[in-house]
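Shared between the two complexes below is chain A, which has chain B as its partner in the first and chain C in the second.
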Partner chain A sequence: MALTSPPQTRSPFSVWQALVQRPELLTLTLVLLLALVIGLINPVFFTPQSLFDLLRASTVTGIFALGVLLVLAAGGIDVSFTAIAAFCLYTTTLLVLNVAPDAPFALPLLISIGFGLLLGLLNGLIVHRFRAPSLIVTIGTQYMIRGFLLAFIGTKHIMNIPEGMDRFGRWSLFQFTTAEGARASLPVAFLLLVAVALLTWWILSRTLLGRAIYAVGGSVPIAERLGIPVRSVYLFVFGYAGLLAGLGGLVHASLNQLANPFDLVGTELDVIAAVVLGGARVTGGTGTVIGTLLGVVLVVMINNSLILIGVPSTWQKVVIGAIILLASGVFSRRKLA
Partner chain B sequence: MTASPQNDHQPLKPGTEFLRLEGITKAFGGVKALQGVSLSVRAGEIYHLLGENGSGKSTLIKIISGAQPPDGGTLYVRGVPYSRLTALQSLEVGIETVYQDLSLFPNLSVAENVALSAQLVQQGGRLARPLNWKALRQTAEAALRRVGLRDDSVFLETPVADLPIAVRQLVAIARGIATKATLVIMDEPTAALTQKEVENLIGIVSDLRKDGVSVLFVSHKLDEVFSIGGNLLILRDGQKVAEGELKDYTKSQVAYLMTGKALDQTRYRSSAPQKEGLLEVRELGRKGGFEGVSFALQKGEVLGITGLLDSGRNELALALAGVRPAERGEIRLEGRSIQIKNPSDALRLGLAYVPEDRLTEGLFLQKPIRENIMVSILDELLRGYQLDFAASNEKAWEMVKNLHIATPNVMIPVQSLSGGNQQRVMVARWLATEPKVLILNGPTMGVDVGSKDALYRIIQNLSSQGLGVIIVGDDLPELLQNCDRILVMRRGRLAREFMVPDLSEETLTKELLSETSTL
Partner chain C sequence: MKRKTLWIAAGLAALAVGVTGLVLAQKKYTIVTVVKITGINWFNRMEEGVKEYAKETGNNAYQTGPAQADAAQQLKLIQDLVAKKPDAIAVVPFDPAVLEPVLKQALERGIKVITHEADNQVNTLYDIEAFDNVAFGARLNERLAKCMGYSGKWTVFVGSLGSKTHNQWADGGIANAKKYSGMQLVDAKQETADDAEKAYQKAKEILKKYPDIKGFQGSASTDVAGIGRAIEEAGLNDKVCVFGTSLPSIAGKYIETGAVDGIGFWDPKDAGIVMNKVAQMVLEGKKITDGMNLGVKGYEKVSVTKGPGQGFIIRGNAFVDVDKSNLKDYNF
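Moving on, here comes the complex of A and B:
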């Protein structure tokens, strides 16, 4: 009877089916495969040192990616977060140096995420108020924020960052010296990524807000009909992405011991690629925290570790491109309504 | 329903007034959609809101469900006046709407679709609240059981995008009854349902009534309206023209009130088939669809093919159209054996197919009428490497005139036409190819009485000129009014053939639902 007939299901143990329903399994497989290949060719990859390098390099990309995940899940896209991050890291550094150069890390941290939140909310307001495509809006704000930074705030690199940032950047969670005498360390900043990941997971899967984000990503008109406050959702996801851009930017500057106003802009596609490789759809309504983190590891591994097996950096782009094409082929098998 | 979240209103005694509208007006850019509509909805009663496309029904529903504000007038809920309701307020006071387009989130699971809005309403629309997965599941399970769907966790976690349309319809209804609503509005809830599912729905509605819930149906199917019973509200041109008990009206009175003109409710079939064979199908089969199907169609004949949703009728129609070609058997057209391997074969040979769902399968909604019509005859309109736009204008105008499509010009986008006119644009496109056989699948789904009348006259006129017409569908009055013969399909095979003039709807319904083959 059609009334009670089950939805069309294929064989429950099919690998294909599992991939279609849990796209992050593909990401995990690719991460493991790539790690295996790199490690077999160059065993250096399997040392704690290169693991720490990988996690260190994933920290900032991961923080950015989790913000982008929320925007994508709500059906939008944000390409302005790198400009926001550069703005926040540079302006905050300059401000703190001039006002309270000895302040603890908490001060620049709060200032930077405050700037980020405001700029993100601006994105959300424009997207909602003018019902404008978020791609265009954030391309616009990316240029404006970056132009404003370079024109009015400054263009000089700042090498002597404030005391608090400097100490935070050098603060290690683990650290030891290898047999060859090299120092390996995992910065405390990595814990910020862990905290942000937990928070984002909690928002997405344990709150009404999380379901509302996916619902708005599924269909805005339907969400409106069901009384979901779409404006709040837009303000939240863009505000959150801006806040995380501020956080990621500051962490970036602290880890590199350098505030560079020309930094980060241009890497936004790497981050978006990581989120999409983690199973989020550009068209909205899907995406998980664990998938996003795996996508970040995959992209960072391609960018940082392929060099270990002698793949020239120009070819890394080809690899990322090929993997995106492969993943999109698999993910497109997921049915669209 | 122990754990399902509720709005905390006391249930109303049956018969007390729940909702009253007074002098509701609404205009869209100078067009008056509603001109002072007043009506009253009492608890525990069934209402049918009837009206042609464009009568203001959808606008009225949107105002009640809070999707749009009225320009003037007042809504009273339990005696409390509102100048407008927001979507959230409407849900909070206990009004649930099952939209015609179902309004389900394709990316969310069945459980989330059914029960998420219940929690949101319970929290007054505030998002910074924990999500109670357990309550969500329990609400969803209870509602799914009531509409006769599965309530196991595999089904609860299935994304709605993976469900067939009939199941989605039931999921949408489950959402409508998941909370203890006081009024459930159902906008054409039976469009995608089989007869059995419709009967089940009628059972659900009478249960709701017993709980003091009112149900407001929006429907085009007069037969269904009369078999459900209750009260009647008729809109015409944005004004209420009738309000009362259904038993005080006859079908033709209702049709008259809806259209403002007397419609021929009996048989449209006017001419007789010619003695000349046109299409012959022998032992046609396709795995998983239909097997051993043989029939013939004369020139000028109107043949009906019906059956339940899973009987193979759609698959047969799609095979003749070349969309999903037959794998076995033979098709002969005017005595010659032909191969239909894809839609363009079918078109070239003279078989035109008008699909069921004009919105998703047929029309380019944002494109003008002219483009929608000329797309089927681009080859003919080609002069060298350029399209002859003068000729396409001419052709489009000819079709607009022949099919009585109400439009000031052929360049307006199809989406701004009413449903009936959209349907005629679709028919026009295929008629432009000058076919020998016209296959119509559910030609009047979601189309009002007046437009049905117009389309039936067009079908009869075409058949009298020698066109062979096949109508596929389960609108039995439609088949009885238009066809010479009706074939009933069951489990992929032809089960029975009826000559129409001496056939009653009862006999046909019985045959449709019977389990054994008699042919």
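Moving on, here comes the complex of A and C:
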């Protein structure tokens, strides 16, 4: 075997290296490729309306994903956030309806975020205190929170959500009428995703806390020896994921114009898949905000384009699974390199 | 003096016998209706029916149920009831399989068991279904077809491809639409996971793919809410027809704006009355036969078929069609 690589392989090698260093480029490539394929099969995909629909559908998934990103970066995993979101959206709606039905959106927002933060902190506390695998802990809390919600809070769908939430859900950022005479709009709620993305980016790349999160995700013993307060990091990441779950849940109910306690639970794997496809490793220590957002776009695009490209409903899950497998295969090749 | 006492005693005795005879002739039955969960609109509505039945017949009929939607709690409640030994119980099972042993026990103790919404229940004398699911789906579709002017593209959603009732409704609809050559089914049976948001996203995708779509048929109670929102946002209230299984409390908002044109369901109040009536007939030793009139709207000509166990399944035609005109009549 030659010790020096032949010169002609240098160019692909550097592309490969770029992908190793910046996995979000790979996600971006996948997003563009998929968009191209969908658009070629059905040109309707290349309309501003589609872009609006994509951004709108990404809003709640994106908010959840950014919380999961922090947990994954710190070496944990959270599958309870959908249950937290359902709990927050339903309990908040009930509470606000009974206490201050005319309150502005800020009130339910704060209540929901507060509930989410508390439940997230509970996750962090258990994970750290009992040194238990976070997967097992959050499976447990998912069942507990959902069970408590359905058993003690309520099971009825609430159509008449509080005025503030209703108005927020209908509030459009942009609106236009398509050639066919249909209206298309992008809700203001999308701005919440933008704000959360900026905040998360700032935490991860501009603060000591961000460095501590990656360090804990890399290796807990080393992080401890470096004097990083591991407990605080765990509390922070799970608390943050819970807080974003509360926010996402409330946005879901507002956009949906319906508080349904049975919603969301069952979609957590879509969100985790999005974060992993965005370049974060399940083993911790990596992951970026931009990669996660691209991962969310990828997953939402797959989920919301299957009718457009004519996949029969019985085959949709197979196709989603195949695309995710394919994408993760590309990612694992990256890791080998 | 002595004779007088005797006369009085005889008179009293006669009276006692007479009163006893009267009581025997008008024996009051105790019939307990056990629902899945108390306090929700659906079963509050059923309780109205049970109360109405009790008032009309004078029987001791009342409704109970667990405070939480939980199969184990319903089981416990029925176990306690079996110990008290009422004449009959009318159960809306949360999970039929969980209740099999306790219902068997009840039957062995001589308690008459009637069920509702459990056509797979083995240990029951009569299971009552409001309607045949395929016929229900066809009826929804017929209303949709009429709204669409019997032509144009249409589609049907289901909560999940694994849901038996949703598929029966959808298949009933699809078969009905085949009667009209102008009705063109596109991308049938999209799954919505009983989530209005999913129904909304799927509806938007359909609208994008087929800008000339004319009709939607929903199956999960949240489907029409999601579809209705997509239609409303797109400003297509007058151009697209939306029908589906749902309840006024879920779809009402969109029926009022015209985004949803109509929904179908069955009235739990009538089901409550029928369950109690059937229980009484069984207690009186009567049999329910095919084509019988049970004296409640929608159950005038019931079909009776053999169930999975010793019992029978009674099916009515108790469709309730709701649109803007009669929305106000239903509060659940």
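To be clear about the criterion, the second predicted complex is superposed on the first by the 304 of 337 C-alpha atoms of A that agree within 3 Å, B and C clash if a C-alpha of one lies under 4 Å from a C-alpha of the other, contacts with A are read in each partner's own complex, and residues count from 1 in each chain.
The rule is short, and it goes like this: a contact is a pair of C-beta atoms (placed from the backbone, for glycine too) under 8 Å apart; a residue touches a chain by one contact, two chains touch by 3 or more.
All of these numbers come straight from a predicted model, not from anything done at the bench.
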Exercise. After superposition on the shared chain, which partner residues are touched by A:329: those of chain B (first), chain C (second), both, or neither?
Worked result: neither
Exercise. When the two structures are overlaid on chain A, which partner does A:227 contact: first (chain B), second (chain C), both, or neither?
Worked result: first
For this session: Check whether A:218 is in contact with chain B, with chain C, with both or with neither, and answer first, second, both or neither.
Result: first
For this session: Would you sort A:304 into first (chain B), second (chain C), both or neither based on which partner it touches?
Result: second
Exercise. Touching A:263, do we find chain B (first), chain C (second), both, or neither?
Worked result: second
Exercise. Does chain B (first) or chain C (second) touch A:210, or do both, or does neither?
Worked result: first
Exercise. Of the partners chain B and chain C, which touch A:252 in the superposed model: first, second, both, neither?
Worked result: second
For this session: Take the contacts of chain A with chain B and those with chain C, and give the residues found in both.
Result: none
For this session: Could you pull out which chain C residues touch chain A in their complex?
Result: 37, 40-41, 68-70, 161, 187-191, 193-197, 200-202, 204-209, 211, 221-222, 225-226, 229, 233-236, 249-250, 252-253
For this session: Please name which positions on chain A make contact with chain C in the complex.
Result: 42, 44, 47, 49-50, 53, 57, 150-152, 155-157, 159-160, 177, 180-185, 252, 255-258, 260, 262-264, 266, 303-305, 307-308, 310, 312-314, 316
Exercise. Once bound in the complex, which stretches of chain A touch chain B?
Worked result: 1-9, 205-212, 214-215, 217-219, 222-229, 232-233, 236, 284-286, 334-337
Seminar exercise, completed: In the complex, chain B touches chain A at residues 65-67, 86-88, 90-91, 97, 99, 103-108, 112, 116-117, 119-121, 123, 125-131, 148-150, 154-155, 158-164, 166-167, 170, 194, 196-197, 200, 308-310
